[in-house]
Amino acid sequence: MRSEQAQRIAPETAIGRHIGEVQRRLAQAFPPFVLLSAMVAAWELIVWQLALPAWLLPPPSRILTTLLSNLPILGEHVVATLTVTIPGFGLALVTGFALGVLIDASPLLRRAVYPLLVTSQTVPIVAIAPLLVVGFGFGMLPKVLVVALVTFFPIVVNTADGLQAADRDQRRLLEAMGANYWQLLRLLRLPAALPSIFTGIKVAITYSVIGAVLAEWIGASAGLGVYIARSLRAFRTDQVFVAALVTSLLTIVLFALVTLLERWIVSWRDEP
Amino acid sequence: MRSEQAQRIAPETAIGRHIGEVQRRLAQAFPPFVLLSAMVAAWELIVWQLALPAWLLPPPSRILTTLLSNLPILGEHVVATLTVTIPGFGLALVTGFALGVLIDASPLLRRAVYPLLVTSQTVPIVAIAPLLVVGFGFGMLPKVLVVALVTFFPIVVNTADGLQAADRDQRRLLEAMGANYWQLLRLLRLPAALPSIFTGIKVAITYSVIGAVLAEWIGASAGLGVYIARSLRAFRTDQVFVAALVTSLLTIVLFALVTLLERWIVSWRDEP
Amino acid sequence: STAPASPTKELTPVRVGLDWTPNTNHTGLYVARDKGYYQEQGLDVEILGAQEGGTVEQLVATGKLDFGISFQEAVTHARVEGVPVVSIAAIIQHNTSGFASRADEGITRPRDFAGKKYGAFGSPIEQATIKGLMECDGAGDRFNEVEFVDIGSTDFFVATERGDVDFVWIFKGWTGIEAEVRGTPLTILMMNDLKCIPDYYTPVLITSERMIAEKPDVVRRFLAATSAGYRFAIENPDAAAEVLLKAVPELDATLVKRSQQYLAGQYQAEAPRWGEQKLDVWRDYAQWMADRGLIARMIEPEKAFTNQFLP
Amino acid sequence: MATLDVRGISKTFRGTNGLVTVIEQLSMRADAGEFVAIIGPSGSGKSTLFNIIAGLETPDSGAVIIDGADVTGRRGQVAYMPQRDALLPWRSVIENAVLATIVQRGDVTAATREARALLDDFGLTGWGDARPAMLSGGMRQRAALLRTVLWHRPIMLLDEPFGALDALTRAQLQQWLLGLWDRLDRTILLVTHDIDEALLLADRVYALTPRPAQIALEVAVDLPRPRSYAVVADPAFARLKLRLQQVLNVY
Amino acid sequence: MATLDVRGISKTFRGTNGLVTVIEQLSMRADAGEFVAIIGPSGSGKSTLFNIIAGLETPDSGAVIIDGADVTGRRGQVAYMPQRDALLPWRSVIENAVLATIVQRGDVTAATREARALLDDFGLTGWGDARPAMLSGGMRQRAALLRTVLWHRPIMLLDEPFGALDALTRAQLQQWLLGLWDRLDRTILLVTHDIDEALLLADRVYALTPRPAQIALEVAVDLPRPRSYAVVADPAFARLKLRLQQVLNVY
């Protein structure tokens, strides 16, 4: 299925392979591009047809011009948001992974810790915002913690469940070698869990930027969340959409990076 | 590891097995209970020791009395929230699964659809709230859609990734039998993906109740979200914590139900 | 109050969107609903709470809501962006907001803001207002000595707990009363006492231009009943508080009662009737905003409000 | 009954140190109702050849012809027992056995009945409802063979079907397979490492060279049928065995 | 060099139709440096017995004694080649081969060197860095054997190590194994279905009954060493083979 067509076009020569690669890339980029263009066009058309006011649903053309004119301001906000996103997600990665391993370590811990983790996901941020503020002030720390809180959970569950995926025969072999818990983890269960862990990371990273945006609701002087709040107050719906667009693009880039990393690390799975 | 101890106590007789079962259950319930009690006690103690004001962090005892006195009002709110949660999560389950299969169906679709799905997760609810109401009114529908929006994504990613997990030899066998795409899916790839799909469902269900609570921010006259908003604005932190407690309990119950269902359906995995 | 509609007639359904969770600013609506004033006017009113910022005005403009609660600044912004909403009544006659600090902070006049930390909720109005207040108080350019700390939607008590923040812009009728209830001594520099920044209405009742053009009768009937509700609240603050608490039991009874007592004198104040709005107020504040670049262009103030439907 | 004709197949894989040619210009055939055995060194390309015939791999050149039709790369044409059992862990022995019937939209109830009836012959009495994880290595192999037998196709490819079985069980199943072949006139290709087994069962034996696989020797086994283990004593048997041993050990 | 003593082992599993007794009161021993072969019907309990010796299953009764110490249920005491190869798909052949060294915190560099040096003997030249998915069935089996050989323990359990190999490769590895055994004086237990193989390699052969496994026959193979395939011609060999065949076919 994987674009066999495109690969067949090019003969097995250096130049041919190069042309084939370019063709393949274009062929790959084409369908999402077409879909996207079609959707944007439809959006523009609907807005004009229904004569929707820009403060309700701005047309893509308007969003684009606003984006361009706002580029200088946006830079600062994007940097501020990413400054919260990256450490927050890093923290989520480390704690999520550690908790996943911990939960897996014994059914006892699983039963004791899981309900607490589920609870951590159900507490509305607004409820703990005062505690965070009183505990950590208005600096970066509480926002980083919110991002971590919003993103660590899928990593925990996917790690804990993924660790159960190891093959029985392989597990028994390592046990027969006298492998202790940690060796079993490192040599077998972790590699076997990697695909699942990456699934969790992909879900988590999708929440990371928007998590930072929400965290800025707690109080921040720059960031896409601040930009959105200001735009909402000023009925600049076009700016709200610009912010949403930028948030999406950042997230898609991060998501793509994780996917690439996954392909590189879990390469043994792709083999024929 | 799985409580072998407890099982050994009871001999293989009907009564013995029954006693063993009871003992086992108690032994299972014990550690989370101890941990929980310890945490609650510590919380109470800290609040008293530091003389924290109730508007910042109410002690568990206060939360409990508030819960009891608010029980009559809470009933209505809980019903309202669940009325949004259940259909919303049901919708997420169906669409998440369908999209996961769709994405898996071809790398083309994957590249075209994935960025859109990621985008759907990064759009702040506040930005689309007016559109939702304009589109769907103030009824249940927009809230159900928000719950679905908040919960479907982990199911998509876990389904799409899980479908890649099937064993190569088994896949080739079915291909040699002439299995078409759907047969391969039904007979091999779906069963093989079930553990991963359940992981996604567990993450998703964790977000479902809080998703409904957030959806009520859009505009609702009953529900735990309404209750929280009102309590927050009235500086009733104890009530906010009561709501958080109820939300957690509901979520933990739903999570436990999914875990049970998983154990029942993916039973072949537990075998020695 | 006014002539009741014939009982055989079907009630007209009406939706009102609140700007926030229900509070004592909204008491008149709940009283009118509870006491049957709306029904007498042939209206079946549904009150929807907890809208996030910006939403109510848009929903009123699109007709998804018939009426909404907003405030002058938002209506001004909205009209600049072409959102066709109109203020039809001032719920409270004067600005009851002010800059609050803990009494021991020693902030007794605007020039004391210098060297202090202000807890900002993130509106550009804040800078201009504080700057203006300090200039009026002869603090010159010492505005740069005020440190702005963004606190988002964090409340006064939380924000000032650790000393991250020294003063916050609050509503006296709610947060100010809560401080009294808690026994936290506050100093509040009331906007209206400082007589520096033009007065403005907050909150106001709004509807859409289309509603005014197409269903003036509904607007009139709605305001007749609502006005009666607020008059009741002015005359019977305790009973009105009970009505609100019955509708919204999550609220704190002491806070609501004390707040209602305070607002009883503020809803109408010295105006000839409840809800009255003045062109000066709309024009002067918009002009002030325009002069400071807070809005891209000046609005036509006479189109932003109307008194024509007040009973 | 069907004829299989493999014509000039070549196959090259990308290994860790460059390309590895596994099969080179290999041709072989099996006439309708013929029993053909294939013997060759480990790693020579026997499984790859079967994968090509089953349509799981595309040859770099050459064609697979069944009954005169080019079926290169086409799947579902032959019944195939792969070297590793590939039993689905969530299905019981019986449920695994009827898999091909499900895929080919046959009568599953009838197939289930048939599978149950065969459990005895396959030494799996009482294990029909067990999941593969509960079976021994040899039992898994027999379950996989059962699945292949119920995958009713005129041509069967068996990749070392008896490798994990003890002599007695193996002999029983060999006899059973011969019975089936006799009764239903299937065309059978069997990969085995056991020269005795090849000579006992087959009409013709191909001996392959080491990688890249080519035909080192093709011998017709003109021993009388029905054959039993007594055939070992036949001088013709000894002669054929010696020739095969020589060819296989020289390479 | 170590002695292994299996004393009165019993093991019962829960099958689909109630309990299945797989091993019943089975005792056997292997003296230090002895080569013992085990032959038994498929599904009789040989792999289960090995699992018990390796500490992977706990017997319901009985004990496993190594050099006089009770090691029942203790792991890491013996090198074990299980019936299914259990190669880790994300590790190359070499990386799989040194697994035991890693687990036992040995010198991995030395082990890697050793593994590379053995690739030739195991017919895996050029495949040291290949992942298991690229290997043929027999190549996987050899990789698993290589891993077991590098798992330096005085006692080795081999569960059908040559099942997927052709005669030539098999003979080469058998000779190689005998050389290793001779050189290093390991105690080896070998499960096989091939009576010739058992008699060629072992000092003593246990024949097992069908499930539940008990000892049907124990024979000492007093053929001269070093043995080659020529031993087949020895009348003592023929006599032993016949006895084993009789015992195994009667049961």
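The chains carry the letters A, B, C, D and E, assigned in the order they are written, with residues numbered from 1 in each.
Criterion: a contact is a pair of C-beta atoms (placed from the backbone, for glycine too) under 8 Å apart; a residue touches a chain by one contact, two chains touch by 3 or more.
For clarity, every value in this text was computed on a predicted model and none was experimentally measured.
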Task: Minimal step count in the chain contact network, chain B to chain E - done: 2
TODO: By the contact definition above, name the pair with the higher C-beta contact count: B-C or A-E.
DONE: B-C
- [ ] Mind checking the centre-to-centre distance between chain C and chain E? Centres are C-alpha means, answer in whole Å.
- [x] 86
Task: Where chain B and chain D are represented by their mean Cα positions, the distance between them in whole Å - done: 49
Task: Rounded Å distance between chain A and chain C, as computed from the means of their C-alpha atoms - done: 40
Task: Residue list for chain D, restricted to those that touch at least two other chains - done: 84, 133-134
- [ ] Return the residues of chain B touching two or more other chains; collapse runs of consecutive numbers into ranges.
- [x] 55-56, 126, 130, 134, 168, 232, 269, 272
- [ ] Check each residue of chain C and list the ones that touch at least two other chains.
- [x] 52-54, 58, 62, 155, 158, 161
Open item on the list: Can you give me every chain pair that touches, using the contact definition above?
Closed with: A-B, A-C, A-E, B-C, B-D, D-E
Task: Sites on chain A touched by chain B in the complex - done: 1-3, 28-29, 31-32, 34-36, 39, 56-57, 106-109, 111-116, 118-119, 121-124, 126-127, 130-131, 134, 153-154, 157-158, 161-162, 164-165, 168, 195-196, 198-200, 202-203, 206-207, 209-210, 213-214, 228, 232, 240-241, 243-244, 247-248, 251-252, 255, 269, 272
Task: Residue ranges of chain C touching chain A (in the complex, touch as defined) - done: 52-54, 57-58, 61-62, 74, 77-78, 80-83, 119-120, 122-124, 148-155, 158-159, 161-162, 164-165
Task: chain B residues touching chain D - in the complex, by the definition given at the top - done: 167, 169-170, 172-179, 183, 187-188, 191, 268-269, 271-272
TODO: Using the touch definition up top, name the residues of chain A that touch chain C in the complex.
DONE: 53-56, 126, 129-130, 133-134, 137-138, 216-221, 226, 229-230, 232-237
Open item on the list: Touching residues of chain D toward chain E in the complex: what are they?
Closed with: 13, 15-17, 39-43, 46-48, 83-84, 92, 123, 126-127, 129-130, 134-139, 142, 159-160, 163-170, 193-195, 245, 248-249
